[in-house]
């Protein structure tokens, strides 16, 4: 059964210090609002999991929320590096960050294995690369029929997965339209699933082959319009490419980063206030 | 036709390599421009796949990210990402994969992970993404990278994706399903592997580019192929189409975005 | 690139004697017309593959088309046994039938592995059952991280998979609505894919998250309205439950079975004639 | 209320066992009737999953097959079959699985594969279907089977699905995630496993059924539990709802079908 909760309560109740947390969404429907709330509540020692760490992970890492990162590509898509991620890896600022690095294909297999509650995922991957030499979580398994050696990665079962989606109904069924990445596998692989949504409708119509997460796999639903901004929510608002470009300058220096976070995240009560602050600044 | 930039020339040269109806795994940046240019010119039947799950997409504007909305709206279908990598890439259905990288060595091996040591890097790069498995499984790989002594190096600091490994058939012996880097399109021309040694050698120059310029931009003693082609300059049609595409893209990406409040 | 072909030519060109052939569709969209055409063309020594052998496999087996069957449940859903299947297994009539028997979960994993071109599928299955003792295609693999032993089944890569679907466009893109079973995995796992469809449209609209098989994974598309009858095609016609019940009596005895097949399949030029014959009989 | 049949009584008894909002993996036949009856009476929030891929379906008419159209039309969503077995069943999300079988032994092990030897069976049965993994993973399994000396046997000819294996904790020691057969609902009453020996014993009788009748229908010396319950006869509401459901089903399944010509 899923509960309709305010965002602060959902994070407070379900995201504990030291937990493994996946905020998934492949460029689309990235749960920024939830990420900010984790920062506001000062969570520490999180093991962050995400295929493509993006601005929100740069912020979580820069604000000292994370001790470990499982990922397969960390950058500002189409712009450049994530400066806070680099600062943590290159200079251990604000604290050291342990890396569990994979390829997209490897992490996808790990999420699928997690969703299926299998202990490992399997792929014909990592051939001829140095990644296995630096990650003892990439091993091999032999096919019992052909003898072929294949790559094996441990299943990913986050303590908490957080997604953003277009809509949910009062019972907590969640509907996702558009690019889904590995969000659904990350959701089904988690022990606890929180979904922030653009709108709550009375009842979702039968979805046939469309993507729905049934209410009984969802722990908490949060009404949070604009919750994926500055990434986009198909059918609701577009990606703010300008913001992604501006982030490169904001995050490049520690001082400018901390000032921005103080004003726009720590200094705002919730996502509405966050958005309003940006609107004023842009006006 | 005011003089075309090297980026434009690279994009057009890459687009020309793409056969109609070939299935291409598209990376962001110049590869995305090259694939969509091919689709708008000589290869209307080309099939573009973005790793986010958009299969057979026909964007009117180049995506800034690999998961842009327009990719989903114009795709034949959008599948979960795990299926792109297993049912399409790993299954050997991808004809051409595009890769970029921070470093490339003479055998087409790529580094997009770290500069310096892995545990204490001087520069932490974004990481592998789809590259290792694209390099492993795509029937052919094209690398697009602007050349400099920093990027075309004697030894890469980390092998993120396998090209021809140590050359001389090492890749084939490793059993990699895909054929490896077929060509490296760079801002002075094109490199391609020598048939036996599989060392990248200069095979073509843009008109106006010189062997000296190429040698100056490559961190290993660049071998020039026996036959050195000159890449035909962009046609008006190619340049107009590319510039219109880029203009539409700039305009779309500059459009102010309403904050969803 | 997929070709638009008449059914007879698609079968004649792509289904050879001795081939492994999967006619998939889980109760829904079962490619009856294609199955009948295989019988009309007198194919022999086929290795039939299908999770739930249904009336069409009873007919193929009874008409001597098959030497081997890979399956996980063979019966007349909601009615009873498949009498021709039983006759082949219990009395080697019309010829012996080698069985490669699995569970649904096992065959699903085998089709997924086939679609991913992995050599084996993996599941936590077959525990405490006698199936592995009678099928050396069910083996085990050990997790390199936890040491757990899991069941392993060889990938299924049929020479030919045949599906029925609601529609395709002129380029050969195929759209499937409704219950899909493992049809999509069986399609992507095949070397050759033939799809009979209710209608050909000019161009399929962008499907977003709906189910589409892109034209370049489809070898041949065949216009064949009613091609799934007596199973159903969602949005076109319903399942003829009465026919499924009547089949029990028709197939119970060899003589009545052969007479029916002679009249309704061998004696009809194509699926239209087959349907017309049934219509007359029912009138 | 004219006398209810044993099938009706079995269905109603099984429906009563289903807690509201429990997630049930529904088999065709009596289990499908029991689950939908529960949904229409005391358990409106029950979640029904059919192995064809229909998740959270609310059919107004009982399906004849596991993939009927109405299951898809009323489902919260329809997923590919492989996901039903991996992301839902194997992931431990199924509270209750229903199984039938041609043969069942005293420890709830089931045979739906062959009567006689596997290689030369006297009767070739439909086979496993979803049963082995439902028996392995569903938190609880309910077996619904009409009792006869042919079906409730001392030794089954083939073990298709594991119940308690040899009893006395053997199942737990085997590491099976699911709890095993919680109850066997049959046409004279109910059997349930003895807490230690895990042997199925008679725990409840329908009013009017007798221990002798039960013993006569079971192929092993049936132990009667210390406390023998009497299953309350169906209420008018239960019977009316079930009969209306069955009537709608008969009417729908009898509707002449237009041949798509």
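Letters A, B, C and D mark the chains as written, and numbering starts fresh at 1 in each.
Simple rule for what comes next: a residue touches a chain if its C-beta (ideal position, glycine included) is under 8 Å from a C-beta of that chain, and two chains touch if they have at least 3 such contacts.
This is a predicted model, so every value here is computed, not measured.
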{"item": "Chain hops separating subunit D from subunit B, counting only touching neighbours", "value": "2"}
{"item": "Between C-D and B-C, the pair joined by more C-beta contacts", "value": "C-D"}
{"item": "Euclidean distance of C-alpha centroids - subunit A vs subunit D, Å", "value": "41"}
{"item": "Euclidean distance of C-alpha centroids - subunit A vs subunit B, Å", "value": "27"}
{"item": "Residues of subunit B engaged with two or more neighbouring chains", "value": "72, 78, 86, 90"}
{"item": "For subunit A, residues that touch 2 or more chains besides their own", "value": "117-118, 123-124, 178, 180, 185, 208-211"}
{"item": "Touch-based graph of the chains, sorted into line, ring, star, complete or other", "value": "other"}
{"item": "Of subunit C, residues touching subunit D in the complex", "value": "26-28, 51-52, 71-75, 77-78, 81-82, 85-86, 89-90, 101-105, 108-109, 111-112, 123-131, 134, 178-182, 184-185, 225-226, 229-230, 232-234, 236-244, 272, 275-276, 278-279, 282"}
{"item": "Subunit B residues touching subunit A - in the complex, by the definition given at the top", "value": "28-29, 51-54, 63-69, 71-72, 78, 80-82, 85-86, 89-90, 109, 113, 118-133, 135-137, 158-162, 165, 171, 174-177, 253-254, 256-261"}
{"item": "Subunit B - residues contacting subunit C, complex", "value": "21, 23, 47, 55-56, 72-78, 86-87, 90-93"}
{"item": "Contact footprint of subunit D on subunit A as seen in their complex", "value": "1, 115-118, 173, 185, 188, 204, 206-212, 214, 216-217"}
{"item": "Contact footprint of subunit A on subunit C as seen in their complex", "value": "117-120, 122-124, 137, 139-146, 148, 150, 152, 154, 176-178, 180, 208-211"}
